[in-house]
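Take a look at the structures listed below.
Heads up, the next two complexes both have chain A, just with different partners, chain B and then chain C.
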Partner chain A sequence: MNSFKIGILLFLVLATSYAQNYPTGKSILDKVDKNMSAKTRVMTASMEVGTERTKRTMVSKIYGEGDHKAYTEYLAPAREKGTKMLKLDNQLWIYSPTTDRTVQISGHMLRQSVMGSDMSYEDMMNDKPLLEQYQADVTGTETIDGANCWVVTLTAIIPDANYFTRKMWVDSERFIPLKEDLFAKSGKLLKRITFSNVQKVQGRWFPLSFVYKDMLKDGPGTKLTIQEIQLDTQIPASVFNLGNLK
Partner chain B sequence: MIQFLFKGLMRDKSRSLIPIIVVALGVIITVFLQSLLSGVIGDSIESTANFTTGHVKVMTRSYSENSSQLPNDLALLGVDTLKESLQKQFPEMTWAERIQFGGLLDAPDSSGHTRSQGNVSGMGIRLLNSTEEISRMNLGPTLVSGKFPSNPGEMLLSDELCRKMKLKPGDKVTLISSGMYGDMAMYNFTVSGTLHFGITMLDRGLMIADIEDVRSALYMENASGEILGFFTNARYDNKLAKEAAKSFNAQYVNSQDKFAPVMLPLSEMNDMGFLVAYSENVQGIIVTIFIIAMAIVLWNAGLLGGLRRYGEFGLRLAIGESKHEVYLTIVAESLLIGIVGSVIGVIVGLLISWYMQTVGWDISSMMKDSNFLMPSVMRAHISSTTYYIGFVPGIFSTVIGAMLAGIGIYKRQTANLFKELEG
Partner chain C sequence: MTMIKMALRSLIGNGLKTWLNVFVLSFTFVLIIFMQGLLEGWNRQAVTDTVTWEIAGGQYWSQKYDPYDPFSIDSSAAVVPSSFRKEYDAHDIEPVLYAKGTIYPGGRMQGVLLKGIRPDQHLLALPTYLLKADGAEIPVIMGAHMAKQANLKVNDLVTLRWRDVNGTFEAVDIRVAGIFRTSVPTVDIGQIWLPLDELQKMTLQPNACTILITKPEIPIQQLSAWPFKDQTELTKQTAAMIQAKSKGYNVFYFIFLSMALIAIFDTQTLSIFRRQREIGTLVALGMTQKQVVSLFTLEGTMNALLAILVGTIWGLPIFVAFAVNGIHIPMDVSSFGVPMADKMFPYFTLKLVAGTISFIMVITALVSYWPAHKIARMKPTDAIRGKAL
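Presenting the complex of A and B:
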């Protein structure tokens, strides 16, 4: 009987000490934010959108300042060339050269797909640090593509978070998410993002390739490849001006 | 013999008048109900066909599986060739390409920035240089202001949405939607006219534009979501529609291509199966109900007549006429009553039906905020069936009623006949 009690005690001690080896969710998110968030970003990226019938690749130049300002100009293909998007706080304007019109997108339209991709305007617009939006709990460890990852469950602490819960596999060495599942409040899996081509960018780890998969749609998903990136660089204020759209 | 019975019926009004009135009334109601129900149900089916389903509809297999989402990325390609082959294969039908889409309509202010916006459910139909679709969809009476598009880039918009967005004919708007390849599509239109249907689902935000404009807007060159087929000069015929679909689909039965075209009859779309089945069986239902109801009434009338003619039957049996012969004369009399009542009933019923077919009953005031497609004027529809359907309950119920009532003849005891007559 004594040996049984000792066994239980030993198990509890081991289990507790193992759990104590987990870093806190907050510390992980803090490190992820330090890698993924920047004061400003300027990048050129290609977006490969796969549909049931065809595949399209669009190239765009994106400017971002904090999580309040973003400006995107499409460079290719010809059909999209000259289309511009400006996000200021929670407002988004789109300029289309074919109609010569600047249209404001708001409300539920922000949940619509960007250029037919698996990303919504909300996905594209949200660059708020995770720590400001979610409470994080480390729930285990797993290996993805040979990299040891913390499995972190994020629960929204602000009412306007795009997804109520997120499950994130964070590389335990580089503190970069390698995979992310995004859930609705009902628990339904809405989107899956896989990150790859993690490289050192200005002294921090950054994934240069993302695949966004809308789990409610057929198709291979949307591949976003960053061709050039500059972080924390000076962006002229005129870029984030409505007049810059035309 | 028939002349003898007929004379008897004419001279003894109490034997013929009430049964003929009962038969005629039953037949009038049968004829009128048959024509009214087939008119109303048929018109509802036709409205749905003209607006959304056609009598048959051709789509790609993938589009058909997700048709509620209006997935134009799965639309038919090479529509000109396909339409040509459909016209050759089914010369008894006319074909119309349609594109259905959803989107956001944006009205600019004087500086070109967003002033107001509204969600639209759109439809691209052949509008320019053709009035076929305008008359098919009966758009004429729904035009509240402005005119039908006569130039490229013009469109019709729901009057309700126009008022919400503070628009009027002549104003410019921009459609923001999703192109055929999933890309964002923006296209400028001019509102040429506004429409009011009295049906909530259409008045909330319908926009109709010429199909070529919609093709340009959504990058759908020579493509369309759907090709609708309509029987020329005929109402929906489920058997013919199913046969057409079967013969068309047989060509692609071995194809694995999910973009291969598939044809569906109206009864297999938009939960229309029940309405089609109901329309096919409505005549049988009416006839059965009226045969039973009228047979019960005429059975009772026959029983009362039998009581009144108790002495007559007794005398006839006493002077040597067989029970069988007496019974047969009762049935033969009822047959004559049935024929006369049915002829009167069919003539009056047809006149009422003709009035309802020509003038109809305007129910638009009751259709306010309706959520389903139904014509605003209820009309009867006189078909070949209307001419003979009244005779079925008219004659059957009279004969059945007389046969049931006449059974009493066989219960008379020949030995007691003189005693009964003395009494």
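Presenting the complex of A and C:
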């Protein structure tokens, strides 16, 4: 009996010491946030929206300040060119050059898909640091594309997080997520994001290519490729102004 | 009386030409009455079906609910007012909660409106008793059109994704417990019905609902947070749509009526030209020109009278047969957006029949008078010689 107890104790000690080899989830998220979050960002990106039959590519220039202000101007294709969107807090305005009108869209529109893609406006514009939204636990290690990753499980600590749990594969050297699964409360996998083309951007690692895939539907998903990016740059206040839409 | 006899004799004397005119006019009569009867029947049926399937005695809407703003539906619910507690417990008032969701049938994504209703409700014709089914998955019911669109059958499982009131995504598998056939598209197209308590739990909105459906006899409460919409207001759109369709049919009536009236006009004009000598003789025998004009107008108008008679003979059995047995609609009309049953029953009112007859009689009289009024300008001497026109 005594040897059984000692065995259990030994197992617990070993398990604890093994777990202690993992960095804390908080420290990983902190490093991820330092790489991925920025006070401001200006980028030119192309978005490839694929369905089973067709593929559309849109190019846009995006200005963002925190997750409260965002301004997007579509540069291509010709049909979308000149379309501008301004998001201030929970309000969204869209300017369409074909009608030369600016329309204010309900805040609920932010939950809708961007131009028929697998991404919602919220997904696109949400830049709130993960640590403010989730508690992180490191649950293991895995290798993705030759890179050793910490597997981090995130559980929402705020009631209005879009996804209750997330599972993130974080590169253990560069502290960049290489893959992320987004789950519903029930545990059903909803979306998968894969990150690639990790480059040094202004001294930090940043993935320049993302693939968003709605896991409940068929299709290749939406590929976002960042062509140019500037982080923590000064954005003139006039950019986030309604007058900038026309 | 003499004039009527003369007009009738002359009309019958025209032979086949008269009967052709009469038949075309009778066809117009029957068609107008039949089409108007069909629209009236459709209107009544649409209102009755909408009341049976969707409205019952009327609805209280949460102040935040705007049916024209689909993006605000998720935040439009409110807690059932305590003043309805007695009616709520007695099932004299039924709360319905609306929420937006997405289903993924066969790997496709399809937006749906989720409607939560108590399974033991008895105000609407929806087979909500099927929502009592036990099982691991949430039971849902849907209309035949929705099931067809999503390619779902009874007992099929499909993934449903939605957001709770805080905006957090949730997804589970639901099971199709029943598919119902209805003529009311507003309880069918793009909608899924599920147990109210489940939807309240799913969206984290306990005791909340978007609308309250009342039993017809329940006294109306004036609540600023829950404005009441009566049956007339709720069926206004359907009535307006049918009214718009009715106006569209006026084009056909105009074409058919024009055909008949041109034939009568043509016959009258030819008749006056050919019967100049007769007109001159009648005036010479002592008839005033006004009397001759009246005679010819009466003759033309009698076409309409004969058409009524002929139309009654062949049209009445058709009206009765369709009014009793209905008309089967040979296509799927559930996507039209207007309540329309598989079988439509025309409804003929006295006002409709009398109104149509009077209208055509007056029009025919005018068309008959138009060529006849030239007689008033004829010189009787020229008319006898056949050279007045």
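Descriptive notes on the structure:
Keep this in mind: the second predicted complex is superposed on the first by the 230 of 246 C-alpha atoms of A that agree within 3 Å, B and C clash if a C-alpha of one lies under 4 Å from a C-alpha of the other, contacts with A are read in each partner's own complex, and residues count from 1 in each chain.
We take it that a contact is a pair of C-beta atoms (placed from the backbone, for glycine too) under 8 Å apart; a residue touches a chain by one contact, two chains touch by 3 or more.
If you're wondering where the values come from, they're calculated on a predicted model, not measured in any experiment.
After superposition on chain A, the partners chain B and chain C collide with one another.
Of the two partner chains placed around the shared chain by superposition, chain B is the only one that A:99 touches, whereas chain C remains out of contact. With both structures placed on the common chain, the touch criterion links A:39 to neither chain B nor chain C.
When the shared chain is aligned, chain C comes close enough to touch A:162, but chain B does not. Contact with chain C, but none with chain B, is seen for A:184 once the two complexes are overlaid on the shared chain. Stretch 327-335 is the one among 93-101, 327-335, 363-371 or 381-389 where chain C clashes with chain B after the superposition on chain A. Shared contact residues on chain A (touching chain B in one structure, chain C in the other): 105-106, 109, 112.
Per the touch definition, chain B reaches chain A in the complex via residues 62, 73-74, 104, 106, 108, 112-114, 117, 174, 176, 178-179, 181-184, 186-188, 219, 258-259. The part of chain A that touches chain C in the complex is made up of residues 105-109, 111-112, 122, 156, 159-164, 182, 184-186, 188, 190, 214, 216-219. The touching residues of chain A, counted against chain B in their complex, run 49, 51-54, 56, 79-80, 83, 94, 96, 98-106, 109, 112-117, 242. Contact residues of chain C toward chain A in the complex are 69, 71-72, 74-75, 102, 104, 107-109, 159, 161, 163-164, 166-172.
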